Structure formats: C-alpha cells, structure tokens
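Chain naming follows the written order as A, B, C, D, E and F, and within any one chain the residues start at number 1.
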C-alpha cells in the first residue's frame, strides 16, 4: 500500500486505523561488477513493499540517495552530505506528523546510512514540542530497521553464501535485486572470485584497495531464486518489528 | 537507461560518450478525489524514462518529495522546505560532477518546484569553481524542463480536455498516471464535475476554497488512452530540448 | 510613506488602519554601457514609493542585493546566495509580523530574483504557526509583483522601444532610472546599437556572448521622458494589485 | 561615488587605482518620539557618502536592517538574526572580492551591529583561501568604523548636548538625520525631557523601562544645524581611518 | 600530553614525529542517583589522557556536551543538536588539519554520540579536497573508539559486575569516575538495587519508565578500586587501536 | 560547584534556590613561547570555579575552543567558525532553560570571543518565546563577563606588569595559568623581552609581524604568586557582577 498510489481521502481513512508509516531509505552507489548502482534503494523498497502488504501498513516515498562518500571513486555513485539527509528526514517526518502520523519506521538498505539516520532522529527529537505542534515529547517516534536485520537473516546468509557473502556488494543484496528486477541481471567476471576484505579511507584509498568495488564478496553466486529466499525471510522479520513498534503504548 | 539499473563500469563507459544526465523531480501531495498523491513524481519519472530511452540518455534517481506547503491541509501530502530541496539538488549535482557529468537536465512534474529549482541552480553556480573541482564557471550547467512544456502540449490539452484541464489535479496529469500505472486507477465522484478556480493562501485557506483538492479541473475525464497521447507528445518535445542542451558548446 | 522616515508611534497608528506593507527588492549588477549597476534596486524603489504614495501604503527598506550570479563576470556586480536571500526575507517578514503586519507585497526589479522570492515565501509558509506566534496558517501572506508586470506595460514597451527593448539592460529600465535619477545619466557608445540575444551559462559564458553586458537591447534610446511614461503606467497597475491583495478576506 | 550609480566599466576603471570599498550598515528600529525608524541606516549612509566623496572612494549598497532584537517591542522595528547578517556580509564581501576588491570598510550606524559584524569578519576569514579564489590568507581585509568613532566626536557631543546626548535615540543621531533629511523632521513632546538610563532585557523589559523608546537622551534638542556639525566632524575622521586602512601594505 | 598544556613550539616539534591526535568526547547528562552528570566526559578524558601518556600522543580539548536529547527529563542534562555536533567536529578537525594533523582519534564516553560522530566524519570527508587544502581525499582520517571497546573490557565488566553492569549509569562508568575523581563520590540509596531495563521514547517516557535515571544497572557496587581495573584494561586496548590507526599507510 | 560533579537530584535541589548558572568559555590558541595553548580556557575555568564557590553558584562545562582564526598560523591553534559557536551557545542555553535555568553568566577568557558571544545572545533572543517554551521574551537572560573586567583588574595589571602586560599572551594571563597549574610552567627565552605591538590581518600577517606569537607583552615576568593576585582580585569582582545579575527582577 504505497502512499504515492493512494488518494488523500484514502490516507485520511488509513489514519483512522493507524498512525504508522514505513519509509524506505537506500543509496545510489557502486555495487561491484554485477551489482546495480541502485541496489540499496531497490532492496529497501522491495522489502518495504512486502512488509507494507503483509502488515497492512502504508509505505511512503523512498529516499534514494544516502551517505556514500566513500564510494565516490566509482562512476555513478552519488551522495548527500549527512546534514542534507538530516534535513530531508526532518522534513519528511514533520510534514507527515501534521496529518497525525506518529510512528515512523525507516527500512534501510545501506549500512552507511545508519549513523546519520540515528543523528536525524535525535535532531527531530531535539525540537521543542510546541514548535512542531505536539503536546508531549514522546508522541512522535522514529525507528530504523535494516532489511538484513535479525538472526534468521544471518543464518540464511551463512547457509546460502557462507564466506562469499562479504561486506559490500554482498551476494545476498545482489540476489535480492535479481529477484526484484530479473530484467536487470548483469553478467560479469569476478576476478578474484571472492574480493579482498579490510578497511579503507576515502574514495581514492577504497578504489586502490578494492579495484572493482566489492569487499569480501562473490556476488556471481547470486541468483533470483536465492534472492527470493532472502525476501521471504526478511519480510516476516520486519513485519514483527513494525507491528511491535506501532503497537507501543503512547 | 536508469542509473540505478547500471553498474559503475557501465556508467564509466557512458561518460566516454556523454556528459549529460536526466534527473526527474516530482512531489508527494494530494491530487483530488481520483488523483494519486504521487502523481507529480510518477509523471516526471515516466516521461524521463521515455526521454532517456529515445535520446540514449542516462536517467538518475527521482526526487520524490518537493515543495508542497500549500497542500498540507490534505492528508498524506508531504513537503520539504525550499532550503532542504536546494541542499538536495546541490549534493546530487556536485556528486555527479565528480565523475565528469556536466549537463543536468531536470524533468519536473510539479509547478510548485520551479522556483526552488531555479534558486538551487543559482546556489550551485554561486560556488567558487576551485572549491568544487571545476576549471571554469560555465562548465557545469543545469536546466529545468516541465513534462507539460511546449506548444504541442498546450494544443493537445486544449483539444482533449478544453476548459476541464484545470490547474491542479489536472485532467492530463491524472490521465498520464493512468497510462503509466493502469492498476492504480481510482473511481471517484466529482462534485461539481469541474472544480472552482482561483487563488488561495496557506493550507487552511486552500482546503476551505477547494474542499476536494482540485482547482479548475475535471479529472474524471482522464483515461489511460488520453494519457498515452500526452506521453507520446511530451517525450519527443523533451528529447529535442535535452539534445540541444547537451549539445551546447562548452 | 517610508517606514524608515516614520517614528514607531506613526507605525502604531498605521497598523490600526492597515496590515499591509510594500517591500522593494532589487539587484546590484551590471546593466551595460549606460545602465547603472543599481538599476534594479532604483527601479523597484522608485515604483514602490509611487505605489505607496498613491495607495497610502507603507514602504519598507529596499533589499538592494539580489541573485545575480550570472553577472559576476562584470566588475561591480554583487550577489547573495539564494539561501541567504531566503534568510533575509524570512527575517524581514517575521519581524514585521510581530507587530501585526500580515500582507507583504514585494515590488521586484530583477527577473533573477523571482524564483528565490517564491522559494522564500514557501520557506516562510512552511514554519509551524505556533512557532512564529500565529493562530492560523493563512494569516500571513506574501506576494511578488514586478514593476514591469501587466498588459499595459508590455504594450507601452512595444510602442516606445519595439524590438530595441531587449531582455537585459533593457531600454525601459534604463529610461526609468534616468527619470528617477537624472543626475546619473551616462553617455556611451552602443556597438552594435542593438545587442545580440540568446541564452548563456555562467559568468564567463555570459561575458563571452554579450561582451558589453546587454542582451537584445538598445538602451541608448532611453530618455528621462520615456522613463516617466513607464513610471506613470506601472504605478497605477501595481496600486490595483496591492489594493486587491491587502483587501483579501483573511 | 556610489557603486549603484556607476556602470561596470567605471568600476573596472576604479579597480585599476583602488582595491577599497566603503559599505554602510544601519538598522531599522525605533528611535523614540522624534527619531526616525531608519535613523541608523540614514546616518551610516550620509556619512559614508561624505567619506566616499572626500576620499575618492567607492560606496556600495547599504545594509539597511541590522540586529535589533531588543527593539522589537516597538512597532516598525525590524531585525535579522545574527546568522543572517553573517551570511549577508559573507556574500557581499566574497562577491566583490571576485572583481579584485580587497579592503572592505564598513561604516556602521548601530551599536547593536558591532558584535555580529566582527563575528562576520571572522567567519569570512575562516574560509580556506583556495575555496574563495585567494592566494594568501591576509589579502582580504575587513574593518568596521562607527560614524561616531573618534575623540573629536565625543568632544563635540559633550559640547553640544552634554548629558542630554544619551545612549539610544541620541540627540546627535537625530540631529544628523535632520541635517541629512530636513523634510522628515518630527515634532514630539518628550516626557520627561531627558529619558531614564539603565540596562534592560528583551523587548518587553525594554518597553517597560523605557516606554517611549529613548534611553538617557533628550533628542528634542536636535537641529539640522547641530547635525551638520556632527557630519563635518565625522567625515574627516573616517576619511583618515579609511585612507590608512586601504594604504596598508599587503 | 595535553595540547592545552603545550606551547605552539612544542606542537610544531610534535608534528615532526606524528600526525596523530586524540580528541575526547563526552556528554553532560544525568547518570542516576550516584553518577555524576559529567560521567561521560570524565571517563573519555581520563582514558584519553592515559592513552596519550602511554602512546606518547597528543590529547586535544574535550568536547564536553554531546547528544543527550533523551535525558532532558532530568535536571542538569544538556544536549547539542546533531547538526551542532557535526559543525563542532568539522571545525576541530579542519583547523587542526591546517597545521598538518592527519589522524584524528576520538575517544568517546557516550553511546548516544556514536551515530552523530560517524555522520560528522562523512560530512568532513564529503568536502572537496581543494576546498580544505588537501591534495588527496584519503589523507585525512578520523576514527571513533569508545573507552569500553574491546573483548577484554566486556570480560572484565562481566567478571566485576555481572548482570548489575546495566546499560545506562552503568556500574563500570560510575566506578571509573570514582577512580578518576575520588573526591566526588556520592552516597545514594538505589531502589530497586538493580534498575529496570528496556527501551524508551523521548524524555518524558524515559523518566516515566526509569524514574531515577538508571537503566539496568546497580552502580552502588562501584568503587574506585574497581574503576582502576577498568582504567588499566581500557588504556592498553586503546593504545593498540591508536597505534595501529596512526601507523596506517597513507 | 561543578554541574559535571553533581547528580541530577542535586541540580533539582539547586534549582529550588537559584535559576543562575556560570558557563566558562575560553579558546585553544597559541600564547607565545611560555604561554599554554589552553591559556584562555584555563583562565576562564579557574576564575569561574572561584566565583562559583564564593557565590554558591553552579558552574557548567567549559567551551574550550573559541574564535581564534587569526592564530591559525601557529601550530596547535584551533578555531570554530562564529556560526558554530553561535549554535553551541544556543544549544547550551536552551537545553539548560528546559530545566528552569533563566540567568546564564558566561565567564570569558578570550577577547576574540566577545563579538560572537554577543551575536549568539541576540540569536537566542531572536527566537519566538513559544518556540522555546517560554512565556515572556525577557525571562531568559545571558551576560558575558571577562575575567579581566573591572577597574581593580586594570589597576593591578598596571601595578604588577606596567607596560609589559601587552595585549596577547599577556603577562597576567600567563601568570594566572601558572597559579592554576604550576606543574605546567614553561621556561623560554623572550627575544625581544617585550614583544612589538600593532594591528595585523590574517594568520600569515600575524605571524610575520609577531613571529613568536606575543603582542606587546613580556610574559617571562609571570609567576604563580602574581597569578594568585590576579585570581584574588578577579573573583570578588565577578562575584559582584554575578550576584547582581541573578538578583535582577524578572
């Protein structure tokens, strides 16, 4: 149930039964030789839609560009500054709050966004209640969930990809996008099959250490079928989280 | 050709033949009894994809939430502050400029965005060249095009809807979304069939004067077939604009 | 009736009969070989004073520097960033609102300001009512009027200057400053008499294409007498707009 | 020699003989029963023009609205936030620096601006040289001078008004505006003749303690003739300061 | 070796042998009935000094107030907004970078700061190299370490306090401040001895659920002797991290 | 009585008897051959603690880094931008105001901070009362006091150091740090014994004119005993100021 596909009267009706909304947030950054630049936004969005459907919850517009400074050494990567993302999330939450929404459940597709999202929540909470039309400082609540969160997800990843999962351009996220958008599947040589692991500093250093963009992964093992398993494990996990979040006592 | 559906190597290749990119920008706001809240983003995106295909041009991620302060009296409408949108566009343009993009063609779906987009362009141009890695102050160029721009479009609108086109929740934009997303078509009574016209001030005043959100339009006349005609007229118009824009001498 | 030339008690009295105020906004930028750098501010100010006198309306301080990034290739041009202009207008409007002003009529002298002014209005409207001491979101209203607005003005321009009016350093604006400040009239050769027309990008490109700063105009045709005619046509046009604006029902 | 009254070619010529510019900065705030709301801007401007004439120096556009938070209890007073004034001054200075200006001499008419002006200078100096097109961090220099600065001025004030000078809506500033704009002279009863003195907090407290807006002054003693004496003493003082400032070795 | 206790010549000498600096960051917020409001800053500072001494590294000034929005229901708690903390860290890092510092090791005392610190790092990294005087985008590196990081620390905590450690106003942090500042030790009844655990929303909700400020802890078990054990375990852990961080190849 | 060394319950009790708090603010910048980089923060802090003790007033966390742009030519100097310092002070004051604090007495150790502190006060006062939870615009009051303020202090300085006091890296501030932290006393040759005096522009110019960082001073005359005299004169002066400030009628 996408906010964008509803009329305002349908939202008015929705608000009579729920104050919750799901907001997908992704990133637009390189994901190695066969990963899409939009991987993180696509994953966040497909999972959010699944959760929305299963939980009868509204899903708002996706924040497509996140914090991807370190990927700027690879063509096509985009980033906003953290201060910009804080402003975006501030405005999204407070404009929805005007209509009565009170629980904001962000489904995230990019590890690099987590810190700034938490900072944005604190920025939002730091405003005086009166200045944003609230009566009490705990009425409005935000939570961040990653689509890969939960024990079941790490068990699945271990089972399906083992040590080839990696930490960027992971096998599971590539698989999930292949499940979501089979028409975009790319063929690419991986050399070496499993990318090296490690830390890095700044775009230039990242590209020097990880010349094709992957970190620790072998995403040539990804298939749409495997992606489907991740989808089907993630959605019920997040349905649980969402349901418990919106059900909290005020 | 969507940026999000490419790999970074494909973008690297693209940059050898073009420095141009199309960026759709919409809004998330009420569009009357049968118009989708996402209408403006959907229209901008579908036209941008058509232009990208026809002109062999890359299409970047959609800015889904725009300047919709006046619609905040209707449930589900979202807005960012102009200063936030300026920051977003600044960051999008300057991060793509790092890879060599030099022509930024925004395809817009919402009249209320135009002013802030122009302000954002001036904000971007106001930075010193050295501070953003450019050599000359006219290397980087932005342009805004609305999907309804051009003589052919107003002729078509007159022919198809006459005085029922209106100025918000227009018959043509509703038709275009019906063409783009036929599964989302809504049935709704329009009372009166053609909404009243006029100016307004602030959300409360807007809702008082235009209680169902429409201004001057009768979008119950919209059909997917009519939407297709708008699509097929708009795309070649904008292909011309885009081609001339990216072909300008440096 | 200039705010700056009144005492606070006189303003207190004024507020018992009107909630409206006129605010001139100009620019400080090159206007070709015989146009003053202050042209846009001078025009906005002289027209605003005329309107104020005719409509018995208060005129506030002129915003003298606007958005003139593209003119920065010519000595003496100044610009603020759009984000700065938004902050200025925000502060002007909200500080006057503290005293009870509710209708803000900006008389503008520079096309390049329009977009940012509209963005500033949206920024102002986006604040929560409670946070700025208002009771309702449509109490406070801003409007922008250009001194050249209206059918009568374009008819006059056509009649007086025909195709020599141009689009920057226009014959009419130079004439208007000559009427307002006859002691500043400059003599200069125009070569060619009518400047070339067209689009441009960034200061360097502007100067390359339009080496003396004019676009499409022949301002050597300007005289104080012609300027007087523009003055006498513009003022009553804007008096009508202002009167209707302040007379709107709350 | 006003920047606004020159053409860009005249500024280009000016820059071959000087890198200095004078920028008046005032305020728009109550000045008691017979003082103009524009007093501080009028004073700064008239003195700046005198200094410009005497020193053959260019005078830029006046910043008309300053920091006047404490006067907001009196109708017609306007204020910008300090962060806005910092942005304004930043943009003025850096856009003029693009043309080659290197010495910025602000002539100030309002004590309440001093702190924020100094803060603005530090904000400007804090930018990296490369980011604003400079070669060395001491090329660009700003200085603030108040029109009442200098020993000769305080001697004159003592002689002419003694203890009736006061500290807000002073007799000398009212006299100076009467000299500059004799057509605006106001008649008003002062009760008591000399206003009380002391500190205050916030607009409400200010108005409670100083109900007609004056602090410690008796501006009914002001005359245009006395204003002329202040003008004729101030201008040569500031000519000296300006000349020494622009003459400093780089 | 505190930056504040050195002369500039001593820093010049230091920079010939190291480009690294340690920056403590804490918080000023309630820590239950016997915990100091300054606990997080005190802990960060004492550990940082220990690491500085052991690693012959410079220690800069402590950022004393962090992100503590949720603690605002308890008297004396202070917070900055995340956008403010980002500005602070940006300015600290870039001003030290002017002198040649290239490795910034923040030792943190407050879990609530982690997200914003990571956001601040990305904000810093997002600036163009040229705009901040760097040659390459990976020259300048920031890292965050919490004083409680590392396996040895969690083993120690388990051993010393078991389930009484808790998650706010922890037994170990109280003990560490008692070791650092024995003269500040407070006596207080804990009722119940071990505080309840759980999540919360906003200051009001926090105080309702955790009326004395503690979460899950029994800090009455803290002693200076136990604090010393935490100190002596934490310092060598962080010396290792710091040494490896500054030793990284450029 | 340091805020950081209290529990929240102790602050709750304090607020029943006082609404005042002292906030030290310093700088981190070169202070010549024998002056500590932390001089200004150390002085502000030691005096603030003395005043707090004598006046039974709470002392909050020190703002350690101030506005020191001009010192950036000397290793180890740090600075924040004025806009950052304004944000910091805004957040400190408004978060303490949430608990009921209403009088904010900043004790300052650095002349270069004064302007920005005053600007910050105006920025704080400029917010609408309702937006920050106040009932009236003069409830919340800020004041700045320098530790060297007052006639007694300048008499003492004249008596102890005469013309060797100077204006940066002064003999008295070095003496005060020697009294506060005798273990940090440095030995250094002063050549010449008394540094030259004068104005300067930007870091490079500062260092060229004042190569060892001092201006007009001979801090080799400093001793802890002399520092004690400054301490013992400053504290009672500021106790008087503080007491009168917190005692003002609302």
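In the analysis below, a residue touches a chain if its C-beta (ideal position, glycine included) is under 8 Å from a C-beta of that chain, and two chains touch if they have at least 3 such contacts.
Keep in mind that this is a model prediction, so the values were computed, not measured.
The minimum number of touch steps separating chain A from chain F is 1.
A rotation of 180 degrees, rounded to a multiple of 5, brings the CA atoms of chain A into register with those of chain B.
Judged by contacting C-beta pairs, the busier of the interfaces A-C and D-F is D-F. Counting the residue numbers that touch the partner chain, chain B and chain C have more than half of them in common.
A straight line joining the Cα centres of chain B and chain E is 46 Å long.
Centroids of chain C and chain D (each the mean of its C-alpha atoms) stand 24 Å apart. Work out the mean CA point of chain A and of chain E, and you get 29 Å between them. Shared interface positions of chain E, defined as residues touching 2 or more other chains, are 72, 79, 81, 83, 130-131. Chains touching one another, given as pairs, are A-B, A-C, A-E, A-F, B-C, B-D, B-E, C-D, C-F, D-E, D-F, E-F. Taken in their complex, chain E has these residues touching chain B: 128, 130-131. Against chain F, the residues of chain E that register as touching in their complex are 2-12, 15, 28, 30-38, 41-42, 60-62, 64-65, 72, 74-81, 83-84, 87-88, 90-92, 95-96, 98-100, 181, 184, 186, 188, 213. Partner chain E is touched in their complex by these residues of chain B: 130-133. If you check the complex, the residues on chain C that touch chain B are 67, 69-70, 72-73, 79, 81-83, 86, 112, 114-120, 122-123, 125-126, 136-141, 200-206, 248.
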